[in-house]
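Once you scroll down, you'll see the structures, which are given as structure tokens.
You will see subunit A twice below: alongside subunit B first, and alongside subunit C after that.
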Partner chain A sequence: MTEPALVRWFLTGVALIFLGLFLLVPLAAVFAQALEKGAGAYIAAITEPDALAAVRLTLVTAAISVPLNLVFGVAAAWAITKFDFIGKNLLITLIDIPFSVSPVISGLIYVLLFGLQGWLGPWLDLHNIKIIFAVPGIVLATIFVTFPFVARELIPLMQAQGKDEEEAALVLGANGLQTFFRVTLPNIKWGLIYGVILCNARAMGEFGAVSVVSGHIRGMTNTIPLHVEILYNEYNYAAAFAVASLLALLALVTLVAKSIVEWRLKVSS
Partner chain B sequence: MKGFKRRDNVLPGFGPTLGYTIFYLSLVVLIPLSALVFKTASLSWHDFLAEVSSPRVLASYRLTFGTALLAAMVNALFGVLVAWVLVRYRFPGKRVIDALIDLPFALPTAVAGITLATVYSGNGWIGRYLEPHGIKVAYTPLGILVAMTFIGLPFVVRTVQPVLEELETEVEEAAVCLGASRWQTFRRVLFPIILPSLITGFALAFARAVGEYGSIIFIAGNMPMVSEITPLLIITKLEQYDYAGATAIASVMLGASFVILFTINILQWWSRRYAER
Partner chain C sequence: MSIEIRSVSKKFADFNALMDVSLTVPSGELVALLGPSGSGKTTLLRIIAGLESLDQGAILFNGEEATSRHVRERQVGFVFQHYALFRHMTVFDNVAFGLNVRPRKTRPSKEEIRDRVHGLIKLIQLENFADRYPAQLSGGQRQRVALARALAVEPQVLLLDEPFGALDAKVRVELRRWLRRLHDEIHVTSVFVTHDQDEALEVADRVVVMNEGRIEQVGTPEEVYDRPANPFVYNFLGNVNLFHGRVDKGEARIGGISIDLPEFEEAAAGPAVAYVRPYDIEINRSRSSQEEIEARIRFIQGAGAVARLELERLDTLELIEAVMTRERYRELGLQEGEKVFVRPRNMRVFLEDYNI
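Up next is the complex of A and B:
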């Protein structure tokens, strides 16, 4: 039971034109623009010292923020899905806050805390500790914007799985950690990986929040997205798109990994 | 604390995990956000009002919220269409297209911004066909609409798609047996079923578009009073060391996000109840 073929083709066509204009053409344009001046210019743009420094800073930022939010996500999901307590729904809503706050505000709050005019600014200045316009600020802002990802993937998954298997393990004599690593972790493995992939993509790609706290010092406090912005604003389009294509590749890898994990989740359930 | 924790639960780790969750949540989210609230509270009512209701700020609200609403409507319309086509029809490359729907989530906003600006500018791949017809997209408010549509695109598709997938065909068959046309079946039977998820997706897309910064600033043109979005205005104030002004405007946006977040939670609760009936 379906629509006449003509209607099907028409609807499919309209949907594909819409997706083409908004997704496919821009995606293809990133790579086309990146290679516009040839492979030599492309390689020069991404191996130039400032670009490499940006790549390094982005990797460091993700390497700190992703594990922290991973541990938090597992702890939060365990408390929320395995136990009943008052205020659970409020807690879930609070965890979601960073998703609904503008990235600009995510950066601003750290400026208000640690900036020179902020709460802790004078004390930090006295002790010569730099957070804003330095790497720690970038890491903090990134932790904030990627905060909910892992928890958010795990909570519905663990809710659906219930706690029968864990209870069985405990009755059979396993201790708490054994139960977690031998029973819970294998069950949530794919959801966990999924959360980490999304968290990592956002950590490496965050622009607004990081832009507020970074200070845009070339080779020092520039992440890859900020480096792209600088190159673009200098009308150095080919280089900007070359560096941007690294992030676009990351996005494509993320989408592929996501599809694989989703398929695994479907198989395992 | 009777009833706080069920006593028949044998699983360990409640104290440490909940304790750590609340500790980390406070450290990363609640305390920094409270800095914004306290900073706002330190402004006098008169100054606050002057900051958040100056003509330039009001123009930015109109632009940001108005365009976000339009973008969410475009996404609601095409989101249902795309979800429908993906669930019901077969065509080559469907799996790839399905995976690509999430591109706006995965692609960093700065990359989206410079790409959209280039593609939709006067000599860009798409812009060159629009410009001769007098349609200027890049560096106008229309460009903001394009960027906001892009970043909100996955929400409606991803909320409506699972509902369509789980739909029993019997409902439609019953409607047809009772003499309904295909369009009547959609409007009277299917549409009410997907409506709660559609509204949720719409609200999520709207919320995302309102706060968006990275993908918009490259394509917007950023002219005060015309194409300057509120998040950009906050940054502009910060760069001029006008912390009071930035904070006041940010608190208005934060209030708006909370209202939207609250609405989405109620909607999701409502659609769950709706689904259970």
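Up next is the complex of A and C:
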């Protein structure tokens, strides 16, 4: 580094002040507001049945969407990086769509598709299948929004690793599954975990898309972010922040896990 | 096991990687595929291995059709240019991989695998490195592990893609001599790809010179070096001087020299090129015949086992490269800038239009 000390201190200072103002102060405020009425009120707010239902729904949604996107992401990255086929670029573009589309639009797509007035709505209604304003809709919207995380993380990594090791395994007599589990998977392990952590954080924290398809039925179709909004709109600030603090905690845990995995990624490469 | 390649063609988009290539590798031979980059040598190797499909033609192992056989079932050992070792496995696990992935029925017992792997690790002289990971090894060590891993499955054919390409010069020479000795011990039919003529000439029983998707010449190292089939092989194997002239009625006139060429008796008169190796350039201080060309010495590199000279023809200003023994160089006492008389020996004449 050749910059004078003054410049370095100034730049570092600006970055730190910015981080403090926009990240640390709000984070502290969440916990301060949450505990404003004491620990008793805090615990009551997060153990109240509707809050617990929201936590349960969030966990269920993540438990379904994260593994699905894990499988999809690995399959897509594997196909894109190890094989040549027609439509490869189209697939890469499709994977990126959820990143470039507003989450609200993502939710609306499902309402238009599965809603009562939508294309498949009448048929679903006839067979008594509920997707919109029910758990399946929330899961679908979450899957859509978290679609790119695993694949996007793996594609550059697998591209950099090339297909030499897979070819070596094939020549040595390994079949497709053996090649995948003994060669490919160990090589992408840390990148995969990293992608899953990001995917999980987004799955649990998603608001826009889920908000459109959820219907906000208390204790039924509210995830944690939606529950926070309802409490907040009811001027129940302490309870809103108490539940929000759960999400903040999730963010902190994600951050720590992410740092550990990033460190491992660096070590293993 | 012998390998037979029958008029194989392969296209990548608009690029003809291989055009009607036929070649037979007898059992137990060590063959080099030699050519510049883009000549199709690696593609041919990968087609033999089954890593690449072919558009036309057939591959036969021991006379049996193998074209449709999956890479898994071809029983070939393949050594990749950049080793392709499994980076998360130790040297031991890398070498054992091919045995460990066998179906239970044909898989040797744990003890057998251990003994065989240790035997191979001993063969590649890495006994103390069995627990190391590839990242902890030098390039030469990694390449030896890659070779041991390929040999562990007792392949019928060993295929090596630029096996020494990524190594520095000294390790390269050591390793290729080691490979030659190894081949003399185990006699597995081997094909290796290289763009380094020294490597091909030193290691191989037979050299296959390739260019632009075709085979230019097949022969022993002596044959391809001493009797190149065409100008490409001449140019590719070693330095060469070109002398332009004409061929007419079975006689070539190159500079002041005329050469009888009965094989061109029937050919139409036309331009021709004579190829002469630098050590076949004779230099004299005084004119002894009309067949000598006048030239000026531009540069002398006198250090080393031989002296290298760069000369400029006084008539055409073309450059001539010459090599002579130390003794001859001392005896003549040549100086830079001096005028001398040059006499090419052992000229090989090709008609100009033969040149692609």
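Criterion: the second predicted complex is superposed on the first by the 266 of 269 C-alpha atoms of A that agree within 3 Å, B and C clash if a C-alpha of one lies under 4 Å from a C-alpha of the other, contacts with A are read in each partner's own complex, and residues count from 1 in each chain.
As a working rule, contacts are C-beta pairs under 8 Å (C-beta built on N, C-alpha and C of every residue); 3 or more make two chains touch, one makes a residue touch a chain.
Small disclaimer: the values here were computed from a predicted structure and weren't measured.
Colleague: Using the superposition on chain A described above, determine whether A:Glu167 touches subunit B (first), subunit C (second), both, or neither.
Modeller: A:Glu167 contacts both subunit B and subunit C.
Colleague: For A:Gly205, is the partner it touches subunit B (first), subunit C (second), both, or none of the two (neither)?
Modeller: A:Gly205 sits against subunit B, while subunit C stays out of touch.
Colleague: Once the structures are superposed on A, label A:Gly38 by its partner contacts, choosing first (subunit B), second (subunit C), both or neither.
Modeller: neither
Colleague: May I ask you to decide whether A:Val183 touches subunit B, subunit C, both, or neither, giving the answer as first, second, both or neither?
Modeller: second
Colleague: Going by the contact rule set out at the top, does A:Pro26 touch subunit B (first), subunit C (second), both, or neither?
Modeller: Once the two structures are laid over each other on A, A:Pro26 reaches subunit B alone.
Colleague: Would you sort A:Pro156 into first (subunit B), second (subunit C), both or neither based on which partner it touches?
Modeller: Neither partner.
Colleague: Identify the residues of subunit A that lie in both the subunit B contact region and the subunit C contact region.
Modeller: 167, 170-171, 175
Colleague: Flag every residue of subunit C that touches subunit A in the complex, lowest number first.
Modeller: Checking each residue of subunit C against subunit A gives 49-51, 71-72, 74, 76-78, 80, 82, 84-88, 97-98, 101-102, 149-150, 152-153.
Colleague: Residues of subunit A touching subunit B in their complex?
Modeller: 1-3, 8, 11-12, 14-16, 18-19, 21-27, 29-30, 33, 72, 75-76, 78-80, 82-86, 91, 93-98, 100-105, 108-113, 115, 117-119, 143-144, 147, 163, 166-167, 170-171, 175-176, 179-180, 198, 201, 204-208, 211-212, 224-226, 228-229, 232, 237, 240-241, 244, 247-248, 250-252, 254-256, 258-259
Colleague: What does subunit A use to touch subunit C in their complex?
Modeller: Those in contact with subunit C are residues 164-165, 167-175, 178, 182-183, 186-187, 268.
Colleague: In the complex formed with subunit A, which residues of subunit B make contact?
Modeller: 3-6, 9-14, 16-18, 20-22, 24-25, 28-33, 35-36, 39, 78, 81-82, 84-86, 88-89, 91, 95, 97, 99-116, 118-119, 124-126, 146, 149-150, 153, 169, 172-173, 176, 182, 207, 210-214, 218, 231-232, 234-235, 238, 241, 243, 246-247, 250, 253-254, 257-258, 260-261, 264-265
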